[in-house]
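Below are two complexes that have subunit A in common, paired first with subunit B and then with subunit C.
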Partner chain A sequence: MDVRSQISMVFHLDKCIGCHTCSIACKNIWTDRKGTEYMWWNNVETKPGTGYPTKWEDQEKYRGGWELKGGKLSLKSTGRARIVPNIFHNPSLPSMDDYYEPWTYKYEDLFNAPEGPDQPTALPISMVTGKYMDVEAGPNWDDDLGGSPVYAENDPNLDGLTPEQRQQLFAIERLVFFYFPRICNHCLNPACVASCPSGALYKRGEDGIVLLDQKRCRAWRSCVAACPYKKTYFNWYTGKSEKCILCYPRLETGQAPACFHSCVGRIRYLGVLLYDAEMIETVGKTDDANLIDAHRSMILDPFNPKIIEAARKNGIHDSTIQAAQMSPVYKFVKVWKIALPPHIEFRTLPMLFYVPALSPVMASRTEDGILNSSEDLFHDVESSRVPLAYLAKLFGAGHDGKVRYALRKQKAVRMYRRMLTVGDVDRETVDRMLREADTTAEEAEMIYRLTSLCTFEDRFVIPPAHREEAIEMMKDPYEHKSSVGFGFLSAPKRGL
Partner chain B sequence: MRPHGIGFLRPAAFLAPVVLIFVSARAQSQDAAAFFKQNCTSCHTIGGGRLVGPDLKGVAQRQPDRKWLVDFISDPNSKLDAGDPYAAKLLGEARGARMNKVAGINQTIADSLLVLIDAESRLAKSQFAGTQISDRPFTGQDIANGRNIFLGQTRLAAGGAACVSCHSIVGLRSLGGGRLGPDLTKAFERLGGRKGLATWLSAPPTLTMNPVFRNTPLDANAEILPLVAFFQDAAQRGGVADTSTSMFNFLLLGLGGTVVLLILFDLFWLKRFRAVRKPMLLGLDVGGHK
Partner chain C sequence: MSSFFAYLDMLLFAVLPYLAMVIFLVLTIQRYRSQTFTYSSLSSQFLENQFHFWGMVPFHYGIITVLGGHVVAFLIPRRILAWNSVPLRLYVLEVSALIFGILTIVGLLNLIARRLTDAKAKTVTSTGDWVLLVMLAVQVFSGIYIAIFHGWGSSWFAAAATPYLRSLLTLRPDIAFIAAMPWMVKLHIVNAWIVIGLFPFTRLVHILVVPNPYLWRKPQLVRWNWDRKIIRQS
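Right, the complex of A and B next:
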């Protein structure tokens, strides 16, 4: 057993209101520089929709992630045989059009325009060329199913849905969608790290954050092609790739990442998971049907004395183990099993998990009131407006079992709370629902509390970074602290 | 003076004088014969009649000045350029075909060659009486075979390079032949007709051809005969190898080839990544998700 710690995340989609505050917080801190205009380390997509970059989930086109070939895991984009003939031009890169051409407006025209019969207008200017341009696409062009039906209809996850199920999604006046915020998943088997010819990408030992060394990057852009989530981006100005750094300077000082901190719907949870690094390859090779179970089995119980012992032996600090015991992510993923990894069939073993969104409740109104205690209590999970098959494509590697389980449990928690607060559901029905959803009243109460009443400390359990221990290896931490403070990788140059 | 590089004289230095004379004489005659066969027989016979150059039988009687002969053999150009009257007479007899300086010749070798020619002249039938190639009249089949050999469609048995690699000739289609060597349309006349050309081909003497064919000689009846037939046919047809049209054809072929290659590349990489968003909007998403 090789116990390691990983800062992992849960996004509770049922709470996401699609306000893009996370995207803006991230953009303002990290990607407001020249060359990064088009980058959205955090973006929020409407599902069904094609996302950003367009159709990123279609790996037949983008060739991201891993594939299982003859019992071996290999990158779809860059095998040894593929990288040599493509060394000067990687064919699987999204073009600027597949992201979008970043633009601003010529605001000074609003003020400098001479007096005339028309209102002055500010025309869009490309932030790449500086010339006037026609805006044709943006990072959330299909937000709230806007733009054109083409985007939603081309969602790769709609593959394999029956025409009726599609109809269900797009029926007039019954349109349904949910939001899907995305950041780097800080995977356990990151394709970007594996693909980099320069060794510029690495997974940080102490907390598993995947980082890209700007000094080592040689602009091969293999990571851009290899990442199936398209979460590494090429800075056209510096000639280096960049990606989400999970705000590690904030984490090291005990603050939640900016997108987590600013989240209006409080959908984001962050905490430590202990996992067994020896299992990565075996899990990566598991067949699609068992992939989620295998992934969960890597995550270790932080209360088990044997695992604590093994973690200590691996140099994991007691404070980190404590944080793992309090981790909200551990509860969502491992205990309650209602958070699922996105597109785990890409086999990068993402460490960002999603609680799938319940569709709008479709109770039928009768003369006796609202009918919601039918024989089949989970009827609106099974025939929810967002078909299970669609969610299964996103969160279940095509198998809907795990998604159904997560939705039923959420549904049961709702009914349980409805019984307590509204009181129009009887105890017997709720008990049956809880039982059928594989949960108890106590667990339902805990899920409810962490979902709805969660405080800052409940949502973000950030282990101390212990930078002083890392610096101790190189110099006296007191001297370092007095000269530069902790958190800096290299001291500033002073004097002449 | 004993120049270096004369391998056949070197053992002599270690032997008694008598042995020296005996052995060196034998060695000389053997090596001289090989040298003669390699370098001289394409233009000269001994008792076989005139080729490009004169029959060398009794050359010592025709020009008794041995020093002159040695000088001429080791460096014909100096005599020819100096306007020597006898050399001028020879040039006239050869209809202007100049004798080239043979690669690796020097005065010692020239001397030993003269010794050899003397000895051979006294024989009733010299081994250098000319290449023994059938005298039968050429057939159409011979000309066709010769053309194939010229074009390299029939490989040379010894592995030599095909004529077309360096030479062109009248009547070649499309691209014509090589430009490195001269146009061979008139080679039949230039090298003295059937016998002369055949002998020339049996051991090409020029500085360029000699190294190429020294180790890969042509076969007398299977290759030289059809080639001579082909050259004779070309000479009878006359004209010169057409280079202008072949230049144009070459350009056309290059352009056509490029187009074909580009089409092949496009077909081979048909499923390559191009763009996603625009084709999707235009409904051109081949193999996409509809």
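Right, the complex of A and C next:
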């Protein structure tokens, strides 16, 4: 057993209001520079929708992630053998057009325009070329189902739906959607790391954050093609790739990452998971149907004395083990089993989990008027307006069992709370529902508390980074007495 | 007048090479040490992804093969001469070298056209890039001219250019082999030294950081801030 610690995340989709505050917080801190204008390390997508970059989930198009061929895991884009002939021109690299060309407006025209019969207008200008451009797409062009006949219908997750279900999903007045905020998943089997010819990408041993060493990046662009979530980006100006760093400078000082901290709906949870790194390969090779179970089985119980012992032996600090015991992510993922990894069939073993959103009851129109398909106050999850098949594509590798389990449990929690606060549901029904959802009143109460009444400290359990100890253990602190800062720093300037 | 040319030959073929090699050695190392960040292939494929293929692929496949040919002739001239002693083998070598030369120039012209016409690719093209593109074009064109009009280059390179290059490396420059060459060959050589001298000032440095360990390393990389061994002992 090789116990490692991973800072993991849960996004509770039922609470996401799609305000994009996370995206703005991130952009203002990290990607407000030349060459990064088009990057959104954090972005919020409307589902059903095509997302950013357009249709990123379609790996026939982007060839990201791993594929299982003859019992061996290999990168879909350019692994080992294929990188040599393809290094000059990466056949799987998306271009800026797949994202969007960033633009601003020529605002001075509003002030400098001569007097005339028309209102002055500020024309859009490209932030790449500086020339006038026609804006054709943006990072969030299909927000709230805007233009859904053009965009949302191309969502790759709709493949598993019957024509009837599709029609219901997009019928006017029955439209339904939910938000899908995305950051780097800081995977356990990251395709970006495995694809980098220079070895510039790596996983931090202490907390599992996936980082990109810009001094070693040589712009071979493999990571951009290999990441199935399209969360590594190419800075066209500096000629280096960049990605979400999970705000590690904030984490190391005990603060939550900016997107977590600023989240208005408080949908984001962050905490440590202990996992067995020896299992990465076997789990990655599991078949689709058992992938979620296998992924969960790597996550270790931080209360088990044997595991604590193994973790200590592996250099994991007691404070980190303590944080793992208090981790909200552990509860959502392993204890309650209501948080699921996104598109685990890409086999990168993402460590960001989503609590799938409950959706309204599906009604059907007959000649007598509108009929609800269920008599229950909270309908059966089978007849959710967002079809289970759709959610299964997103969060279940095409299998709906785990998604149904998560939705049922959430529904039982709601019924349980409804009984306590409104009182129009009887105890018997609630007990039956709790039983059916494989939960208890105590667990329902805990889920309710962590979902609705969670404080900062409940949501973000950040282990101390102990960087100071790390340096002291390796080097004599007096060695650094006369030095300033963290060594030689140079500006991220484009090469000649 | 002839003494002037002798002097010029001396300057171009015995002084310039050392100048170029010293600049190359000192400044590439210096740049790597002080400005590691600037070591990048500075790819623009992300900005323009269609035409890119028709430039990059023929150019790189062409130039790597042709350069490889030069290196082989430098390293094992006798074997090359032995190989060329059978006419058919000589023809095969010459024609394939020419084909790869033409591949290179087709790719290079596409790259130049791409950077001239595509607005996005243009914005990331520096003056240094243009100087380099022109120098490379001169180099490849002169190479193809030589291949066509001063035939059997694979033989006379091994017989004349290799001794010249070796004399440079042994610090006893002997330019007699080169002084008698046609002017196009001289241009090819001088331009080559200039490109080597410009190397540390251009994006050519990406050649030095070609990632060979990738083929052997483990797929996943982990870096530790803590020294795990020390922690285990403590």
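General remarks:
Here, the second predicted complex is superposed on the first by the 450 of 496 C-alpha atoms of A that agree within 3 Å, B and C clash if a C-alpha of one lies under 4 Å from a C-alpha of the other, contacts with A are read in each partner's own complex, and residues count from 1 in each chain.
Assume a residue touches a chain if its C-beta (ideal position, glycine included) is under 8 Å from a C-beta of that chain, and two chains touch if they have at least 3 such contacts.
The shown structure was predicted, so the numbers you read here are calculated from the model rather than taken from an experiment.
Once the two complexes are overlaid through subunit A, subunit B and subunit C fit side by side, free of any clash as defined at the top of the document.
Of the two partners, subunit B and subunit C, it is C that touches more residues of subunit A. In the superposed model, A:Pro156 makes contact with subunit B only, not with subunit C. Shared-chain residue A:Asn314: touches subunit C; no touch with subunit B. Looking at the shared chain after the overlay, A:Leu453 reaches neither subunit B nor subunit C.
Contacts of A:Lys61 after superposition: subunit B is touched, whereas subunit C is not reached. Shared-chain residue A:Val422: touches no atom of subunit B or subunit C. When both complexes are overlaid on chain A, the residue A:Leu93 reaches subunit B and subunit C alike. With chain A used as the common frame, subunit B approaches subunit C to a shortest CA-CA distance of 7 Å. Shared contact residues of subunit A with subunit B and subunit C: 93-95, 97. Of all residues in subunit A, only 50, 53-55, 58, 60-63, 91-95, 97-98, 137, 148, 150, 153-156, 158-159 touch subunit B in the complex they form.
Only residues 34-49, 52-53, 56-57, 59-61, 119-120, 122-124, 126, 128, 201-203, 205-206, 209, 211, 213-215, 217, 219-228, 230-232, 234 of subunit C touch subunit A when the two sit together in their complex. Looking at the complex, you find that subunit B touches subunit A at residues 269, 272-273, 275-278, 280-281, 283, 285, 287-290.
Looking at the complex, you find that subunit A touches subunit C at residues 80, 83-84, 88-90, 93-97, 128-131, 189-190, 193-194, 196-199, 201-206, 214-215, 217-221, 224, 234, 236-240, 280, 313-315, 466-467, 469-470, 473-474, 488, 490, 492-496.
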